[in-house]
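The following pair of complexes shares a single chain, subunit A, combined with subunit B in the former and subunit C in the latter.
Right after this comes the complex of A and B.
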């Protein structure tokens, strides 16, 4: 239960970090919050020869909000993004999801970008990025590329991040006008991995009818599963849409697996229930957002275990 | 194996401490083995049990999920640093008063977590206390008294603030 030996690198600049990553290639691994990587190392499931500790690169800790969205730097901790009133106003789903990520003490240290790069299909933030159509910015020596969420998550714990690359930030698009979001999940205890969870985004037209509705499911496949349920729920008024039909569409699309905590059938059932709940709540928030003044309006995310 | 050693300097409970550690030394092991502060307990070593929780620049973190080299230059408060000299802190007194411990193994982690919780939220609701404690395990299952101790600590702190005012 102790980590294997490695060479520790503590670069003072981004350029220096990228040089080390270029030199170490597939043997190099970035250490940010360490809340996923260090448990894997302690259990000897990961044994990188070189760790590039980016905790001294304070410039990567920024959370920048603008009218088009929120850009979260590689060193921004979950708790920091969760507390950001600006980020919550531009994209309320961030705070709704972050409250469900692990325990508060883990969120003090873990980073949002690290959670994306870890690419756990049971985690909340990959589902959020996938649902919103966000992107991850990858830097390497001599270049930078933005990878859209749809291409970033390539499998369980696998992402498009290549050897020599550092995920410097992630971009979460802003909530569109007349839109709302919600995140619902069920876990055995608050902070545990969810048995099932659904993030929902509902956008209304000028007559407050459903114009677009999508749901992203966690623990429902090898990567976050995004289901467009617009056709299933119909272009009905926000308060009268057929969310049960949307739930059926979600259940048909997902591929949950059995484990000691829940059977695949139970996960499929639960995901449908949570999808209907999250979509209904997102639609309610969308009406509120349309009625309210300009700017995002955080839906009243239920506190507690999300159950 | 000739693992490279790193010089680090940590301010632990207000005292500047210097030591040399290999890169893989967990902060929890650095505190216990290198600095002799065995109040920080090590349970699961993968972030689940919460026993090793310490305050890093005032914020509670898992010391088993951090390398000592990363903590270089930062301030750490362990359970040994919570008391004011010989007088236990309000959280410590409340745990004693409410019998918020049985074997005591999990207690250092609970004390650090609760100290930070009550600083952020001096009068937490029952639900907020449960959420705040959800990352700390007690295998004696003495949670009822631990929850009571958190509320009692909030009372003691409110009384002390009133007396000072």
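Right after this comes the complex of A and C.
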């Protein structure tokens, strides 16, 4: 379990990194946290000829929060985003999801953007980005483009990132007013990839009735599966919505597969259970949010829960 | 510090070293050695047509490439079949490197030696082996059908078939007793594959000294003495020219008692051939596909019983999957067969097993070694009987227990050591009473009802076992007291973290009357002690512990004799306390053991002040006698050997309370209780630690671990991502109570403790899940997905 030979590039500026990526094309691979890439290389399942190590590009480590959302830089570690009080205030789903990502030592090293680019449908962050309708900013020599989540994840472990491109940041939109989120998952062991997991976003209207409810499912298809359950759960008051009907809608939409840890049937059943739990919890949080403030940014800033 | 630390919860002396990164494991040694790597079969079953190494030769830093063709005659043969047995009629072992056939994914085909491991793996990747794939044989059913053969000359894939039968007191065979019983049941029980999975894999590091024509080998092994003998034989070296050392070993759990591994002979051979140090460190993927697994067994049970649940006849037919080869013989199914009766007096018992070949990794003992299967089988049977009769599960067990006055109890079987299986001592009814009290068995029904009212599902389970420990043939110990008053203890068996440095020192300090700090212990180093068997079968404390005690008693006797002369006293009046030999009741009349050590070794040359006291003009020995009396030896040292007539039998009972989630089918262990009896305790803290570790592995076997082979014989979960060993977060707190019924078989009255914890866990968890769910659990391990399937199959209310 030793990697085959490769060239290690350690650019000191973004421009230099983009030059190397342009020169190496499909033979180049970006190294950020390395939590997925290095094991793949050690098992010789991946053999990039060039590793472009971006760990010296300190400017990419920023987590910027604003009223409209959170922009996470390519070098921001999971732990850094998880601990950011500002990020949690603007979009609480980030912390809710990151706490479920693997183990602390992996979160200390692994990066949020790296997880998005790795595009594992069993991972939490792709589901979060998909649910929130966020985007990934891709830079290449001579330009950048923002790719919306719906177009970014193209298949299992496949994304819209092209040869020569570097994902420099990801943007997670802020929690809308009178909205709440939750993330529920079941894994075999603490910290494992989830057998099933559901991120939920519920928005209420002025009368605290469900205005919109969506769920994003992990391990439920080739890419994160986002299901709009607004119609299924009915425009009921938050406390009286039919979350079981929403769960049924989720079960009908997803396409889980058998693997060595669980059958597709069990995953389908479990995803429904977790969808009901997550939606109910998100609705509860939305009511709380509506009581606290009209705007997520302000509410979160006051919360200031120690980052 | 007490000088009688036997029985005290002394802190482990090895921990400061091991816990602060100062352990020296195999890969910490030989930083300048060449690295070996292996090309291994990617096919479960194939003919090897051709091997083309041409491309690999261009790798910079390549030193050598070896295939079977390159091996000398002694190495080109199949590896030893370590434990032959008359019933193993078709035993087969692998060649160190495959010649023309591979029989499991991971079988070594080519050895590469290079400047470092990276380069060696680069070269491996460039070697092209042309295979002609053959059909794989995976799973017990496929193997037993015998349509596809793993070995062309083994018809039906059956390596061994063994039947043992014990008639009832009135002379009836099991079949007859079952037929005549008031109640009868018949069912099948299955256990899946798992593995020892030590965190440190195997590893070998060899140094050939051409000037001295001697070989030193470090191996991450559970038996350095036997590896040494195997190497001397295989490499044609005189035994005194071979040294084998087991350095710190990061876990064994059984897999490292297997030897010699292909790598274990090939690496030293290459070191000799190349005149260079060579090292191979197994990586995790290799460990999954190239070492050994265990546990896979199916059991067809027929049982007859009376209205009280007393077993009148039991007939068990076992199908055992031993993988592609049988280097360790058929020890695992033999142990299942013979340990199955557990703490019970069975009316009549018949057990038959067939051990079959599959194109998967070979099977050798893993902690518990066939007992988890045996206990799963017996204890599930007890639960089935209870369910059938509507009796409390502990009442059925109580009706069958062997009573304290029945010891020694002969089960009428032949155990794994080829000797009669006779229980030496135990108190099973007391053990059951203690367990019920510890877990609160009798009040659980009310607790379960309360939980059910709140929508929660709880269940309680129980499992009982008897474990033959401390099998022979022997172990030895050497004890030397040097003129600085230090006590040097060595024994040939090896350590994998059990705490031998602590417990053997406790035994020596107690026997000799010296402070614990003055005792040092060396294990697994053939330079210090050449005669040993190894560390397995919960035998180290029983075997080496008693051998060391016997060695100490010899040394003590000699010390008292010499001190008696110096003190002009009768040796019978002397005692040793705190390293001082003194006349009982006469303060001041004493001589330190250090001085006795000086006097024990008459010298001509003084090298320090102490030594000067033993020189020829110092008057240390009377001039009218030879300085070393006839029949005596110089020095204050002694050897002792302990060779028991048969095994000693430890026992225990476990209970657990689990909660199953009605919606997600997750299974959580809320409480886990253990009553354990391993005779006299040398160190209760270490025994508890062994139990905790065993339960942790048992939880893995019950709820998480399995080897998932597909129909092509590919192991689908050969990594720690997908082979789910439990983390600390998955292991429950273990509540423990000890019972001590000393063994009458050995001087210290002790029994083995190493494997105990793991043995009944699958039985206990199955029992508890069944209680929570009201659905029979006949296969282990069980995952949430499988519990979901069981619920659905049972047609019960399925929330969705």
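Quick note on the criterion: the second predicted complex is superposed on the first by the 293 of 307 C-alpha atoms of A that agree within 3 Å, B and C clash if a C-alpha of one lies under 4 Å from a C-alpha of the other, contacts with A are read in each partner's own complex, and residues count from 1 in each chain.
Keep this in mind: contacts are C-beta pairs under 8 Å (C-beta built on N, C-alpha and C of every residue); 3 or more make two chains touch, one makes a residue touch a chain.
All of these numbers come straight from a predicted model, not from anything done at the bench.
Chemist: Does the superposition put A:38 against subunit B (first), subunit C (second), both, or neither?
Modeler: In the superposition, A:38 contacts subunit B only.
Chemist: In the superposed arrangement, which partner chain does A:106 touch: subunit B (first), subunit C (second), both, or neither?
Modeler: A:106 contacts subunit B only, not subunit C.
Chemist: Determine, under the contact definition given at the top, whether A:191 touches first (subunit B), second (subunit C), both, or neither.
Modeler: Both partners, subunit B and subunit C.
Chemist: Taking the superposition on A as described, I'd like to know which of subunit B and subunit C A:261 touches: first, second, both or neither.
Modeler: Only subunit C is touched by A:261; subunit B is not.
Chemist: Should A:129 be classified as contacting the first partner (subunit B), the second (subunit C), both, or neither?
Modeler: In the superposition, A:129 contacts neither subunit B nor subunit C.
Chemist: Just checking: does A:55 make contact with subunit B only, subunit C only, both, or neither of them? Give me first, second, both or neither.
Modeler: Once the two structures are laid over each other on A, A:55 reaches subunit B alone.
Chemist: Looking at A:283 after the superposition, I want to know if it touches subunit B, subunit C, both of them or none. Which is it: first, second, both, neither?
Modeler: A:283 sits against neither subunit B nor subunit C.
Chemist: Tell me which partner A:6 touches in the superposition: subunit B (first), subunit C (second), both or neither.
Modeler: A:6 sits against subunit B, while subunit C stays out of touch.
Chemist: So subunit A touches subunit B in one structure and subunit C in the other; where do those two contact lists coincide?
Modeler: Shared contact residues on subunit A (touching subunit B in one complex, subunit C in the other): 1-5, 43, 189-191.
Chemist: Given the complex with subunit A, which residues does subunit C contribute to the contact?
Modeler: Within the complex, subunit C contacts subunit A at residues 117-118, 121-122, 125, 283-285, 663-666, 704, 708, 716-717, 719, 722, 724, 726-727, 729-730, 783-785, 788-789, 792, 798-800.
Chemist: Within the complex, which stretch of subunit B touches subunit A?
Modeler: It is residues 1, 3-4, 6, 22-24, 26, 29, 45-47, 50, 53, 56, 59-62, 64-67, 69-70, 113, 127, 130-132, 134-135 of subunit B that touch subunit A.
Chemist: Using the touch rule from the top, collect the residues of subunit A that touch subunit C in their complex.
Modeler: Checking each residue of subunit A against subunit C gives 1-5, 43-44, 186, 188-192, 195, 248, 251, 260-263, 265-267, 269-270, 272-274.
Chemist: Where on subunit A is subunit B touching in the complex?
Modeler: Touching subunit B from subunit A are residues 1-8, 10, 31, 34-35, 38-39, 41-43, 51, 53, 55, 79, 102-106, 108-109, 189-191, 303-304.
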